[in-house]
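Quick one: this structure, given as structure tokens, is what I'll be asking you about.
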Amino acid sequence: MTSSRYMKMRSRKAGLPPGSLVHLGEQRPGGTEIELIQYGAEEFREERRTAIDTCLLAAGRPPVTWVNVEGLGQLEVLEKLGGCFKIHPLVLEDIVSTDQRPKVDDYGDYLYLTLKMLTLEAEGASIRSEQVSIILGNDFVLSFQEGLAGDVFDQLRERLRKGSGRGRALGADYLAYALLDAIVDHYFVILENLAAQVERLEDELVVGPTDRTLRDIYHLKREVLFLLKSIWPLREVVGGLERRGTQFFQQTTALYLRDLHDHTLQVVDTLEVLRESLVGMLDIYLSSMSNRLNGVMKVLTIIATIFMPLTFIAGVYGMNFKLMPELEWPWGYPAVLGIMAAVAGGMVVFFARKRWL
Amino acid sequence: MTSSRYMKMRSRKAGLPPGSLVHLGEQRPGGTEIELIQYGAEEFREERRTAIDTCLLAAGRPPVTWVNVEGLGQLEVLEKLGGCFKIHPLVLEDIVSTDQRPKVDDYGDYLYLTLKMLTLEAEGASIRSEQVSIILGNDFVLSFQEGLAGDVFDQLRERLRKGSGRGRALGADYLAYALLDAIVDHYFVILENLAAQVERLEDELVVGPTDRTLRDIYHLKREVLFLLKSIWPLREVVGGLERRGTQFFQQTTALYLRDLHDHTLQVVDTLEVLRESLVGMLDIYLSSMSNRLNGVMKVLTIIATIFMPLTFIAGVYGMNFKLMPELEWPWGYPAVLGIMAAVAGGMVVFFARKRWL
Amino acid sequence: MTSSRYMKMRSRKAGLPPGSLVHLGEQRPGGTEIELIQYGAEEFREERRTAIDTCLLAAGRPPVTWVNVEGLGQLEVLEKLGGCFKIHPLVLEDIVSTDQRPKVDDYGDYLYLTLKMLTLEAEGASIRSEQVSIILGNDFVLSFQEGLAGDVFDQLRERLRKGSGRGRALGADYLAYALLDAIVDHYFVILENLAAQVERLEDELVVGPTDRTLRDIYHLKREVLFLLKSIWPLREVVGGLERRGTQFFQQTTALYLRDLHDHTLQVVDTLEVLRESLVGMLDIYLSSMSNRLNGVMKVLTIIATIFMPLTFIAGVYGMNFKLMPELEWPWGYPAVLGIMAAVAGGMVVFFARKRWL
Amino acid sequence: MTSSRYMKMRSRKAGLPPGSLVHLGEQRPGGTEIELIQYGAEEFREERRTAIDTCLLAAGRPPVTWVNVEGLGQLEVLEKLGGCFKIHPLVLEDIVSTDQRPKVDDYGDYLYLTLKMLTLEAEGASIRSEQVSIILGNDFVLSFQEGLAGDVFDQLRERLRKGSGRGRALGADYLAYALLDAIVDHYFVILENLAAQVERLEDELVVGPTDRTLRDIYHLKREVLFLLKSIWPLREVVGGLERRGTQFFQQTTALYLRDLHDHTLQVVDTLEVLRESLVGMLDIYLSSMSNRLNGVMKVLTIIATIFMPLTFIAGVYGMNFKLMPELEWPWGYPAVLGIMAAVAGGMVVFFARKRWL
Amino acid sequence: MTSSRYMKMRSRKAGLPPGSLVHLGEQRPGGTEIELIQYGAEEFREERRTAIDTCLLAAGRPPVTWVNVEGLGQLEVLEKLGGCFKIHPLVLEDIVSTDQRPKVDDYGDYLYLTLKMLTLEAEGASIRSEQVSIILGNDFVLSFQEGLAGDVFDQLRERLRKGSGRGRALGADYLAYALLDAIVDHYFVILENLAAQVERLEDELVVGPTDRTLRDIYHLKREVLFLLKSIWPLREVVGGLERRGTQFFQQTTALYLRDLHDHTLQVVDTLEVLRESLVGMLDIYLSSMSNRLNGVMKVLTIIATIFMPLTFIAGVYGMNFKLMPELEWPWGYPAVLGIMAAVAGGMVVFFARKRWL
């Protein structure tokens, strides 16, 4: 068993001592890459590397250092980086175990945050979930991504480069907030995609649902459920930052965290409405199936109820008895046809009364 | 994708820095309009503008200033107003992002409140939800509406003009309360409309449900769910005002807030009862479909069970064997007719015993 | 729209200033009547009026004054009474808005309590819910009823008149408790009526459910749901009295409040069990419908499966081909009858094996 | 109405003043009996009476007195006992109102506890629920049972008589714990009985469910629901004893209470699993009904689809037209038989492809 | 009754005094075995025994002693061990009562912890649940297993032997954590097995569900429910250790406990997603059954609706009336065949329009 719709294969870690680095999930094709951005109100430096030779933090460094790591497969790079910034082994373990629930841990010298970054696959049909870990120190931010697809930070990088927005003048805490904000803002893109799919299914239900509709509802519901489970704890994470993060977050940033908190609540609310709608759609599907069956059975019943008596009458006068006086009567045939018409008419009236026609 | 039944298109904001003003939702046809009302126990001034040249707050102004903004499309007007009253950029962002959950934020110098104003569309068939934001300072109230349809403040304006009620003698906090009260009071009008629809569907279920009934139940349930989600947080907002709003609300107004809190609880209770009723109706629909199918199948079974044996008997005597002694008997035909009548009668007795007739 | 199964028509109040007296609900036929009872351990006075000329509280009055108002239609009487006892306008508004949730508000000089009084309609088939408001001051109790049917206080009045029980020696707080207790005790009468209906439906389900059973289940479930919603908050009201009501309730009465609290918990528990039973009954109904359909279809299938092959065989020998050697055989007819019997017998064995017979 | 599956007839108490003794439920056939057990580490006395002449507590009495009352019908005996031990009238009322929720009340001089004792009826088919009340004073324990069937204290009595276990050396608090423990331990016997019934129904579902299975599921679910409602509050009662009962329970007994608390949690957990299993079984039942209907309909459809075309062909050549050339052909009859065989074979192939065979 | 799918047979304990040792569950075939491991940073000793002659704790012992007991059947061994380490009788009772909920109790000198160890049966088809109890003292850890299958501590033992990892240098608290971690890590192996089964069922649902699929869904749901119930309380246990265990856990180990807490949350989350998926699958199963029934009925209805009118027409011209002019017409036979073709064609068009073909 190498992969599952429901979970990452954590069994590879069973029995290992805590703090063991085992990377769960796919490898990034290009290996691990490091992006180093350092800036202050007046300065900006940017660099990409694939290895760490010296520790990145030099003296006289600018006010904010952002180290963004893409691809978690090369564990020795992570360990080296961890050494430079004095990161606890358990944090490194969590970074590479890419099935963490969103959480925030306070390690005294830095905050460790992890959450899911959601992106749409190229064709827009399915949702890709990647784990992003953020470490916030006094003057640095480390971010770790699985790096399988692009990330959602491009516009943020652009703003930092140009010095537009208020970004560059503020400290590392604002950068950490901006990363979180970019990820959560992107959730809305995913939500819109889901909402569009739900609406398409609703329309299908009205026009004429098929077996496929049913399966789509099931799969969409599972997807919504998954998102809910992986975003739900984020509410508390952000709420916790707002309440307890006073050591790392300045007063001015706290207001932005409150805003972020509102956004996560909105995401969860919308997901819950989508879920309830999908549950309701299953009921509608069942009801309309049952409705249709009724329609089919009515057609059958009407046909059978009209033609069975007629066929019986015809059968009677097809019998070969010697002595059947009706057969000799000159108006016997038209009379029987008349009776048949009367029987058929009576049935039609009966069904019209029952409103089956 | 330009619009959705489930959410506003917030994706347009993804990647923008926090505090960016992007108006979500429809534009008000007439652009942004500003209504300025200033009053005290003895004075009252009223004015409408479409732009702001000078800041509205002059020295020697009356005790209470109410600036009501309709239409959120002209961002520069909002920015100018924000500058006059020293409103935080995040507040302005929330005002134009018209998909906020109800919330209250304390910004020290003022309280920021947002909630949904519900109105019935002209024909009364569907519910229009607009975001209303209220900013309460020491001697001013700012209110922001999307302004797509009329608002629910007409009677309040009238009372202020005439100086009737206790309105004009009290401060800005009472005005803010009165705005909230007008909005929540109007929820009951919406609830009555929903309750009437639920009752109509209940009656339809009894008389004879159709495919359309099913879809109406589904849509109504979705609407109730939406309202619940967008009113639910209001309970905590008003509860929070009651507990924490001591800085902005005077002792006398606090009693009114308690009253308002009761009303939101009532709204939520009623919506929950409506929702549970709608869920129950789906079960009833399924059950009555199944019931009807039983009825149809009984008719079919009775007809088939009576006529199949008869047709078989007729078929036997329609065979062309040379040697069938019964055919020669003079009383053969009436005897067979008699047997047929007996078989049919037996079946009828059988079904009567099974209570199918 | 003048009335609704789901809510009182509160829309008449939309737009009015807070504190406006608008009576929601039906008028009492006899108008507003006031019952004045004053007593102490040794004295008892009782009087009925329809208007208030002088304030009812004279000097040298007895220890406890109970003013019971029936019929809330004559607002001027209520206003006058409110003036005498210095009742806040919002309290008067709540008293006449007869769709309040149960609640308790502390107004410093008095406690304001509201809850639902349930009575059975004359024929015992449906439940009438009336709002009762109770104001408890230091030496007086005001109670307000809609007064559409009788109340549940007769036995309490009798005890006060006779001076039996411990009632007359204790203060106003005990009177308020006794009113609450009488109302909650009467809930059990309602519950027994509901339980009896649930049991009747259970028995019907076993004997043979009809379309009517289904609708009864639905209506009963709605009724139980309503009661649950209108009694649920009472738990907290009474629990709150117990915890916070120390100013108005003496130590000895507190024990009685704990007892009352237990009773409301019992009522809610029983309602929840009834609700779950009703939900389960719907499933049983659906299952037994499906079961019955199976029975019907088996009869149809057995008949069709036996007679279709037989009719086909008869049809074959009813063909008019010149050259059909079997028709000439002397034992052709009995042989065919034998084959038919064998086919029918084989089918019966087949169905017996499938346990359909 | 004299009895109900859902509640005791508390309506008899409506309108009575609080503290009125009204016994709800069945009378014990043998009337009220009192069992008096007094013991210390070295002494043991045991006695049975049917009346109380003098108060039972004499001077120089042994360390622990246990008065066990069976049968709550003779109210005067209870009142006398209440007088001897200075029990509050509300406690006596609760003791005879045998529909209490489990609860614990602290009356200063003693603790009042009530819960349900469950026993199996003789034939083991249904569960009998009796109310047990326990009053714990400093050196006495009073226990009150309805006494309709035997109790679950026999082994405890035996241990006290023999002085085995640690029972006799410890105080009244340990005795009260031991009574609770005996009752809760007996719940497991009931649970095993329920679990066995659930397993029997599961097996029936696999072998072949009948109408009776359905009703058994419903009744068992109701029973489990009842137990859940009447045991659920016990968790908090025992948890409350553990936390607050320091005045009455010594340090050593507190550990035992924690153990008791674990047991009640286990009981509730098991009941919840049973309930969810029963809910799941209903779904399985519905599904397997629907499955079976499919089977029935397939048989019908196969038969009809094979024989209807055949019968039609036979009917065509049974027509009496003068000019039907096929009838004259010498190989007409075998040719038609061949066509019929081909049609039937084709249908069989069609159904085999659809996997209906 | 000797065993149950739903519970251990605790009834054997009913009536026994608290602290009685009764072993619930199966006996370990090899009897009770004791494994004694003592170690410090520089030393390591390992031994297996089947009895305890002297108390295991000698003076001058190494920093950490781990006594691992497999098989709980020989109560005298447990009692002796309990005596050596001064374990409370209630703890011993809980150790052998192998149906405990996960819990942690603080006994002052030591912590008592119990939880479930899950392993897969040899063939991997079903899950075996064993109770593990852990007692953590200042310098010792006692662990008790039922010992029916192997345990999950082999890799931990190996690490201790080799002195690899950080294990040997740290104290008893770290050992207790490592045992918990090994058990919880193994849960993920079980989860992967469950997830694989759920996915297999999902695929079966798409390809073509059978009666067996239905039963597998039911059984899997029950298994997931069981696990949920037996792992759910573990969250609070570990959370409680984290918060309150400061006496026994050093600062450095506390970080590891937080990690463990995250893992238990993940396990519970995954189980909940699996459960919801299984519930959804039942709905899909029902819907697809209903869908298939529709398909079957359509085939039947199409066949019946085409052939019934045709057979009737044939029947009419099979009647033996003397005077049926059509029979004499030379083109009568082809004309009737033509009419039949037209009727059949009309029906096909009708069904094509209804999209049944």
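Residue numbering begins at 1 within each chain, and the chains themselves are lettered A, B, C, D and E in the order written.
Assume a contact is a pair of C-beta atoms (placed from the backbone, for glycine too) under 8 Å apart; a residue touches a chain by one contact, two chains touch by 3 or more.
The structure displayed is predicted, hence computed values, not measured ones.
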Cα-superposition angle relating the copies subunit D and subunit C, to nearest 5°: 70
For subunit B paired with subunit D, centre-to-centre distance based on mean C-alpha positions, whole Å: 42
Computed distance of Cα centres, subunit E from subunit A, in Å: 26
Overlap residues in subunit E, where contacts from two or more other chains coincide: 286, 290, 293, 297, 300, 304, 308, 311, 315, 318-320, 324
Chain contact graph, described as a line, ring, star, complete graph or other shape: ring
Going from subunit C towards subunit D, every chain in order around the ring: C, D, E, A, B
Partner subunit D, residues of subunit E touching it in the complex: 1, 4-7, 9-11, 13-19, 88, 90, 93-94, 99-101, 103, 105, 107, 208, 211, 214-215, 218, 221-222, 225-226, 229, 233, 282, 285-286, 289-290, 292-293, 296-297, 299-300, 303-304, 307-308, 310-311, 314-315, 317-320, 324, 326-328, 330, 332-333, 336-337, 340
Residues on subunit E engaged by subunit A in the complex (per definition of touch): 152, 154-156, 159, 164-167, 177-178, 181-182, 185-186, 188-189, 191-192, 195-196, 198-199, 202, 206, 255-256, 258-259, 262, 265-266, 269-270, 272-274, 276-277, 280-281, 283-284, 286-288, 290-291, 293-294, 297-298, 300-301, 304-305, 308-309, 311-312, 315-316, 318-324, 355-356
